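First subunit A sits with subunit B, and in the next complex the same chain sits with subunit C.
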Partner chain A sequence: MAKTYDYLFKLLLIGDSGVGKTCVLFRFSEDAFNTTFISTIGIDFKIRTIDLDGKKIKLQIWDTAGQERFRTITTAYYRGAMGIMLVYDITNEKSFENIKNWIRNIEENASADVEKMLLGNKCELEEKRQVSKERGEQLAIEYGIKFIETSAKASIRVEEAFFTLARDIKAKMEKKLEASNPPKGGHQLRTSEPQKKPTSWLSRCTLL
Partner chain B sequence: MMDLGITNSSRGRPSRFVCPNDRQLALRGKLKTGWSVKTESFEDFNSSPAAPISCLGEDEQRAIVNVIQRAEKLDLTEQERVGKLVDRLENMRRSALGKGPNQCLLCGDSFGLLGPQRVRCQDCGRWACQRCVIDKSAHKSSCASKDYYLCMICAESREIWKKSGAWFFKSLPKYILPNDSRFKRTRSVRVSSKKYRDDESSSEDEPKTHHIWTRIRRNSYTESTHDIPDLGSLASHTSRQPSSNDIQLSKELEPLRNYMGSINLASSNASWDDFIDRRPEDGAETSRPTSIASSWPWTDTRSLEEKCLHSPSTSSMKSTAESYDQRSNMTDTSLGIIELSLNYNQGNNVLHCTVYRAKNLIPMDISGLSDPFCKLNILPNAKVSTRLRTKTIHKTRNPEFNENLAFYDISEEDLSTKSLHVLVVDDDRYGHDYMGEVRVKLAKLRVQNTIYLTVPLQNLRSEQTGPLPAPELNQWFDFDLWSRGQILLSLCYSTKKRALLVTVKKCANLLPMDNNGFSDPFVKLQLKPDPYHRKHKTTVKWKNLNPVYNEEFAFETRPTELYLQSLYITVYDKDYGKSNDYLGGLILGGSGSKGQRLKHWLDMIRYPDHRHDQWHNLTEDVLD
Partner chain C sequence: MDNNQLPTKFDLIVIGTGLIESILSAAASRIGKTVLHIDSNDYYGCNWASFNLQTLHNFTVSKLETDNSDDDCLRIGNNLFDIKNFKTTWHFSDAQSNNPEETEISVTQEDLLAHSRRFNIDLVPKIHYARGDFVQLLISSNIARYVEYRSVSRVLTYLNGQLEVVPCSRSDVFANNKVSVIEKRMLMKLLTSLEKIEERLQDENQCKKSFFEFLKDERLSPSLIHYVLYAMARCENNDSVKQGIESTKRFLHSLGRFGKTPFLFSLYGSGETAQAFCRLSAVFGAIFALNQTSLKGLKTTDEKLTHILNGDQEIFAEQFVLGAQYAPQKFMKKLEIQQFISRAVFITDRSLLPSEQEHLTLLMFPPEEGKNLITIIEMGHLTGTCPKGFYLVHLTSKQISSPHEDFQHVVQKLFNHEDKEAPAILWSCYFSLPGIDNLDVCESLPENLFLCSGPDLDLDYDASIKKAKEIFIKMYPDLEFLPRAPDPEEIIIGDDHEAENKEEDKSV
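For the complex of A and B:
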């Protein structure tokens, strides 16, 4: 039997081919790194349960293929995601420019209130850098999302990135539910109550 | 591997114009980049590959299917987890004791000076004691200004929304309740349909696989909030499928395709409607109308009765007590049993019949009780002198009659040819309802003077099939129950018209009232209580004892009021120059009627927009 957990969050990694989505995920889930490049076939996912403010959160992180030919399969998984990591390669200008296309893809396919995050990967290759940190930050501000530069190889801020995203999702959830207005269309008890009240009021009226 | 975007353009296929949907247009409008500028790379980016499956190698396809299967397994455990949560909440709700504002919603403790202090739940607005609420104001610093409590039930349902992910997807995902039989049933249905599809398209691999990917594509554009969770039961399919170990790719893809085929059927919530809709696919399941009927508390027994009626063994009666006991073990006692003793006095040709009691009779009125009495008769050739009845025992299903009834003038030959007929009837002001009957051959009395019987009641006539019982049963009838004839009515509550539609279809076996041996019947309908005092009348069918009307009348009313209203149906013989003769009447309604009439009425309320046809007996009691 699997470990018990409180919440299940579904995350998604997208970005151009070769930016290191699989490696980031591999680092996060197994704390390991593989230098050989193996292109992801279609989709894959990894599980990791993290502890956040005393709650066990199971993260199901979907890793997608960046290649165009898998696009139909990967887009099918956008809608189920609660959080999406947009990954680009700081040594690859093109991958950064494509981020806005990925954002557009998200807007077209994912849920409207999905939590997003921008990840500039391979930050250990400072000498090959093509995209400055400022440009990344600028883009993140433009879209109103968080930005972190990571390195899967050197294990820089990968954990932090996932924890930040999970925390944001959790905060959003709490904001949604702990607010004074209860969940809409919650359950039978709630929906039936308001109907009862007016009838009793009406019948009282007719009696008078 | 070639990149598909290049493949498309190198083939020189012009990209077909597809009108973007509203969602896309709206989103593009919001984007700062603008959408009128369409670079070639962008076109590549968003162009839909027509058949990507053809570009994927077999290894790749298998890898993807493996991933999907892995995800399915995970989803299944997740569904079970959510199922447990839902079950927990349901249990909580079921065990909530409180009734009214003076009691704690959960534990049922009454509030008061000595009792616990009451607190209002912010979500449902009901009162609970301090032990049964969670103080949310302590947790939250932001709006801690005023007290903020949640009762356990509301707190728990909020937790479910969080834990199941419903907060994000805005509805509870599919879940499997612990030991949920309903889910198993659907699974079996799916399996059967899968087999069918297997047979159907085992030859063509290529279009089949193509199909999967087009399905995936389509799903990515549907508004369903649960594409990934919806991939639900694939794992269950594949794990059960014996061929999943085969290397053949087509076989492995088969469940995916089937699953995708059913994705449109499956709603994100495992709602009951889905199960009902799929019922007809399952051969063993009954069709919808019967499932509607089965919600009535005692229709189960009815269906058993019918079985009992059709089985040949029940029609042949044995008369010894032992054999009856045996039979009572075998045949169903769903209509209840009756205990009686017979004693034949040869000296004065008197047959003494003692009816002791009946047990487990079927309920007839809305409170689940009956007002039974027994009618005893010596058949065939029933005479008025051989017709006896017990007193009515009110409001019980286990009446104690303890009555001795004597039939006089019963010769010894009669014993060999005739039988005693015991009919159990529900007493009602407006007509008597049949509750079962028993026939006992008297031949046994020639051997032994006294016999004791404990026999199950049977249903030898079914009122629903037609106005008259089967001819071979005719001789067993005493007609006074049915002497006024029958009427076929169709009731339907139309939610569109907000009215009760009553169709008077036909009458049968009406009494002749005129000198010519016929009557000139018409039917009057009245809904009571009715603020408008509406009355409806059918046309007069001249010189006809089995008139056919097929006339529809509407009574505008609300469904909630129908429970309190009753439909008065009266049949009159039209006469000129003098008052119309009363032919028979009937009341259908929630408060006034019982048995079949009550069932008919409640069915009409419960299943609006359905026609409910039923024969009813007319009674001689004059209705006001």
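For the complex of A and C:
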């Protein structure tokens, strides 16, 4: 089967429970919004393929599966991640303060060159705002990452956020490719056996 | 996080995130059971975990709080299954400074610690048969999406004082100039007729023979016997012929699926595997809470467990699954376990058998000098378990006296520091893992409590899968064990969602 994309990026969503990670994911992947998710049941990851400068980029975006609630995100979750969306809720001060803890968690577990971005979600709830846009910007500057305020509910700048992150990863990757650093890799196990006939030397050992 | 209170009613409470507990958590959650999965450690995996260098170097066996005086509950935890004889050492010899011209060996302890996070050091390194039950389960349950694998690229043995590549694939046979054409023929004849041999043995009632004697009777040359007995069948000298043939068949059956050898290793270390099952469990709604240091005890009524005490909370469930180390002391009829697994891990500066490409090596070191067969796995940076330029070497065997003594002869033969070609050990770690093949140390348990054994000596997880399945069947006799989880694109959010979505559109 021919590949239908040029690049595959694994992205993660990180942040406190209830900041709207799953809603951001649904807005981006299905252009839908649903407030009935109490937690993240049954959602593993979502896929959306986007066009960037003539390249097809398949974004595989992973959700926390609720394991952020008691800070029990597996180290395995971070493996191979190329980009991370750090999400807080602008109406929840605590979720903003916790971004620092999440960044520490990322530094401990994710690859050192993972691309990060800060999202202040629920920006449609201006009247309930607890975290000013300036503080969001300031924090992003502190960590040298990009910042955007989004609303998954009102569909504000969610697209822009993911496209920005994807573009930055792509730029970084192309720079790396130029430096000809072949990526290391393992393999995911598939249902189908390899196409190649098993070359067990038992099956055909004419010499012997 | 503000909301630290856990819900208080579940179908199943799992304590411990070892492999078998994690499989059960996933299996129960997958069929719609509500699951609470907790661990007193702040990491996943219990005795099956992987650690970075810094963490493992400072590893101490964690203890549950036992000083509370609440005696009307069964205290959780026992010390039977603790890791013992744990010792780590840096080996930066002064010899380096005596050789100023050898600038290449300028690594220091600080250099290694600076890369600490790039190390993923397994307490229990496992290798999987490409067509074994574990790999089949990963694929059939769709858990394979959470972990990546690399093929073991060569199998070695130690023969006549040197390391030899064991021919696994046809090309290996061609490349192998240590085996004569006649020997190749003999080997082929044996391996292609194992089924027939099995039948014949039943007729002749020869089953009492050891596999070693059998191979000798088949008139295989000493080096062939060596390859088959130790490297393919992983047998000790007195293992039975039945066992030998079974494991040889297992080896052959897994050839030609994913790589040159029949074996796979999980990228970033074996500790990832338990986590993959935990992830599936969480995706299907299980609640995870690590670092639960105030886990106190279990409450029973009429021979059944009813709930656990976790801090101030009482949390109820129908069934309980506990890692063996969490079993209340009261259920332990013995005070000690006899069988331990000797383990050692080394960080080295080069491969045991350097070659142009980086290899992931499985070396079966034959029993000699009164020692047991030793499984050695050498992994380089491509496995995601150590930084480039270094190797991790894992040694595992059934304990005779102590890990140090059990492996001493191997260290002398393979890591002899007077031999400039041999790898230098930069850091070493020795420990004894409690070997629990069966839980005969336990008294009869409440009917809704199930204990999971810890790591075994097997190369792979197949026996652990079997144990998990047995417990699952006892808990949920009529339900399917880890049916295939749907792919994300197959999940369609229900109609009410769409209706709501339309409303949403109007309001915008």
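By our rule, the second predicted complex is superposed on the first by the 160 of 208 C-alpha atoms of A that agree within 3 Å, B and C clash if a C-alpha of one lies under 4 Å from a C-alpha of the other, contacts with A are read in each partner's own complex, and residues count from 1 in each chain.
We adopt the following convention: a contact is a pair of C-beta atoms (placed from the backbone, for glycine too) under 8 Å apart; a residue touches a chain by one contact, two chains touch by 3 or more.
Please read these numbers as outputs of a predicted model, since none were measured by experiment.
Of the two partner chains placed by superposition, subunit B and subunit C are both touched by A:Glu108. Of the two partner chains placed by the overlay, only subunit C lies in contact with A:Lys46; subunit B stays clear of it. Applying the stated contact rule after C-alpha superposition, one finds that A:Gly80 touches each of subunit B and subunit C. After overlaying the two complexes on the shared chain, residue contacts for A:Glu142 are found with subunit B alone; subunit C is out of touch.
Of the two partner chains, subunit C is the only one that A:Ala32 touches; subunit B does not reach it. Contact with subunit B, but none with subunit C, is seen for A:Lys10 once the two complexes are overlaid on the shared chain. Judged by the touch definition given at the top, the superposed model places A:Ala171 against neither subunit B nor subunit C.
Shared contact residues of subunit A, touching subunit B in one structure and subunit C in the other: 41-45, 47, 67, 69-72, 75-77, 79-80, 98, 108, 184-187, 189-190, 193, 199.
Subunit B meets subunit A in the complex at residues 1-5, 23-24, 27-28, 30-33, 42, 44-46, 48-49, 52, 55-56, 59-60, 63-64, 67-68, 70-71, 74, 77-78, 93, 122-125, 136, 139-140, 143, 148, 153-154, 157-158, 161-163, 165-171, 213, 216-217, 219-221, 224-229, 560. Contact residues of subunit A toward subunit C in the complex are 16-17, 26, 30, 32-36, 39-47, 65-67, 69-72, 74-77, 79-80, 94, 98, 108, 153-155, 184-191, 193-194, 198-205, 207-208.
On the side of subunit C, the complex with subunit A involves touching residues 1-4, 6, 44, 117, 135, 138-139, 144-150, 167, 169-174, 181, 184-185, 188, 191-192, 252, 255-258, 264, 266-268, 271-272, 275-276, 278-279, 282-285, 287-291, 381-384, 485, 488-489, 491, 493, 496-498, 500-501, 504, 508.
Note for the complex: subunit A touches subunit B at residues 2, 6-10, 41-45, 47, 60, 62, 67-73, 75-82, 98, 100-101, 104-105, 107-109, 111, 113, 142, 173-174, 176-178, 180, 182-187, 189-190, 193, 199.
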